[in-house]
Amino acid sequence: MGGAKTFNWAGWSSLILLLLAWELGARSTAALQVYLPPISEVIGASGQLFIAGQLGDHALVTLERFFAGYLIASGIGVSVGIGLGYFRSLHNLVGIVIEFLRPMPSVAIIPVAILMLGIGDSMIVAVTVYATVWPILINTIDGVRHIDSTLVDTGRTFGLSRWRILWQIILPGASPYIVTGLRIALAIALILVTTAEMVAGSKGLGFFILDEERSMNSSNMYAGVVIVAALGYALNRLFLALESRVMRWRHGMVARETA
Amino acid sequence: MPILEVKSISKSYRQAGGNTTAAIGSISCQVEPGEFVSFVGPSGCGKTTLLMTIAGLLAPSAGSVLVNSKEISSPPPDLVLLFQEYNKSLFAWRTVLGNVRFGLEARGDRSSNASSKARSLIDLVGLKGFENHFPWELSGGMQQRVAIARALAYEPKVLLMDEPFGSLDALTRLELEDAVLRLWAELKTTIVFITHDIEEAIYLSDRILVLSRRPSEIIEEMPVDFPRPRNQVSTRAEARFMEIRNTIYRQISSPAD
Amino acid sequence: MRAQKLAGLLFLLALMAAWELTARAELINPLIVPRLSRILGVFWDLVSSGQIPMQILVSMKRAASGYLLAAAVFIPLGILMGLSERIHRALEVIVEMLRPLPPPVMIPVALLFFGLEDEMKIFVIFFSCAWPMLLNTIDGVRNLDWVLLNTARTFRLSRAGTIWRIILPAASPQIMTGLRVSLPIMLILVVISEMVGSTDGIGYFILDAQRRFRVAQMYAGMLALAILGYALNQLFNLLHRRLLPWHWGMMTRRDEG
């Protein structure tokens, strides 16, 4: 993209201008303040909530559910995905069922989950797992299927056992696709957790934001929104950091190809 | 009156670390109208950079290029560059006919008989019947022909060709060499050709300019006066053919001076 | 190939039969998972009585409005940001700040502004579809191969001509991808926003059925949603084939490999 990355003065200035407009606009129109309180109030409210421990508690609950759902889904998605990707016959068997279930938006499973598990942690984690599994599964299958048979044959000609081929060739070979699936799943998991909390929760950031809206505490509501955004951002960075370490070989290869 | 003059062109690039790489050391030459001139050199010697500079797509670090005695600073009219990566240069969203018509449109010809002109060009490059195909449906050799037809539709006085046949298989290459010669004889365009294939250069050209390694300079200029029309069997069988080839080969593969 | 498809179909039917049998044998609580036959029966009733189609229509009106509005705003914006580095830099930070927001979190905000009206859902969908459309469009416009851009230059196209006749067509597959990716997002968000803040629509229908313990209705609604998702996908494919036949051909050929 040409040249070293200079500090984006223009970008940050636009943001600050926008925030300033928000602040001044909110302050000037009293009627607007219910809907759009000045940022200073939002920041103030955030501070208060943090000190009172409220925001922290809700955030923790949401994060716990998020990680539980994400990790379980990753385990299931990758392992089943490898199995389905590797064993064509299995994939042919299950393929049509998958194609049937895919078009249904995963959030529609929430009412069923409530029916089966009530409202609470297990329901929220369950729907998160259900929704998050899909991108991981699909991308993993894709990745395994796209592995050049030459690679596998190379392993076989070196006398590698089936297990070792899986571990040392297939998994690394499919990893770019798997990582893509995991990245998409990150956003989806967060969406599902917050949604489930909104629909039927009593704790968590999703519930908090909705609850504050219902009580017309807009500053608190916005505070919650900002925290969720910050969480999303932080999780993304965490993912990128992990990914760049694990996938260093790929980064070099891609960089060379695009040079 | 030379149609193309290259006057002491040099080109250096600044690298990320602050070092400068000199791609072209100093090159000067002239091309007369209607000539078929080839540049031959080892890979990495800056042939593409040279052609892009002549085409006006790159500015030289020093020196100048004159087309029709006018110094250029951007792509001049009457000149077209045919890229090495033809598959990236063709317009995937247009059919063969659409791509060739583009050459006419770029010239300003949107008349009603533009289509028939395009069709005759498509026929000329041997792709009759493929007018309504999309580029992805064609083989590499066919795609290159489309690119050539599109360039010719522009009716350039000078056609620059950057290793056009480098990624094709040997037999297709020979076919296209003859196709280019036929077109050149018929349309009387001036052609500046780049290749790493010495024998191809000898087969096609009136004159060969041999380039050194980076930073490149012209180390040899060889006239090639075999009779035309050339023939893949008889021309290549001439004793002089191998002599020229060996001379050039020795020039190129000797260690950098 | 056919045999394998058959095996898959048989497996599906076997699963459905297993469902029916276990439900009949009351191995699972019929209040939570009723018989498949009953669900299908209820589904048929709700469809033929027009109830489900009406709810779907209500939802789709909102969904389509949000989707098309987002396309009308964010695709041109993406093109602008892709073409002008200055505009891109200016808006980059704001975009990166808003991106990590999970769209459902905007629902309470929208509720605050719009209450339970249609505008609330339209706004939420508008906001959620923005990012895939914007980012894919920017990507498509910015990351064009330099060979393509240089081809435009060697044919001396004007800036406007280059944008209109080369950049936009070349970026259209990626823009299409953005539109395609936004489709399931649109569907998800309309369902969520109806579950959280609505009195009609298919999302509300499903949740309401659960609350009233009309379990078969709930499953029927989910089935309707799955069919809707499938239908939208097929519709989009049709559109893709019509608008970008050249790209469709490339894509489908690759998958068969």
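All chains are identified by letter, namely A, B and C, in their written order; residue positions are counted from 1 within each chain.
One rule holds for everything that comes next: contacts are C-beta pairs under 8 Å (C-beta built on N, C-alpha and C of every residue); 3 or more make two chains touch, one makes a residue touch a chain.
Computed from a prediction, not measured in an experiment: that's the story for all the values here.
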Label of the chain whose CA centroid is most distant from the centroid of chain A: B
By number of C-beta contact pairs, the top two chains: A-C
Whole-Å gap between the CA centroids of chain A and chain C: 18
Distance between chain centroids, defined by C-alpha means - chain B, chain C (Å): 48
Averaged-CA centre spacing for the pair chain B and chain A, given as whole angstrom: 51
Junction residues of chain A, two or more chains touched: none
Touching residues (chain side chain C, partner chain A) in the complex: 4-5, 7-9, 11-12, 15, 32, 86, 89-94, 97-98, 100-109, 111-113, 184, 187-188, 191-192, 195-196, 203, 206-207, 209-210, 215, 218-219, 221-222, 225-230, 232-233
Interface residues, chain C side, partner chain B - complex: 145, 147-148, 150-151, 153-157, 165-166, 169-170, 172, 244-247, 249-250, 253
Residue numbers on chain B that touch chain C, as the complex places them: 52, 55-57, 74-75, 77, 79-81, 83, 85, 88-89, 91-95, 102-103, 106, 134, 136-137, 154
In the complex with chain C, residue positions of chain A that touch it: 8, 10-15, 18, 34-35, 89, 92-97, 100-112, 114-116, 187, 190-191, 194-195, 198-199, 205-206, 209-210, 212-213, 216, 218, 221-222, 224-225, 228-233, 235-236
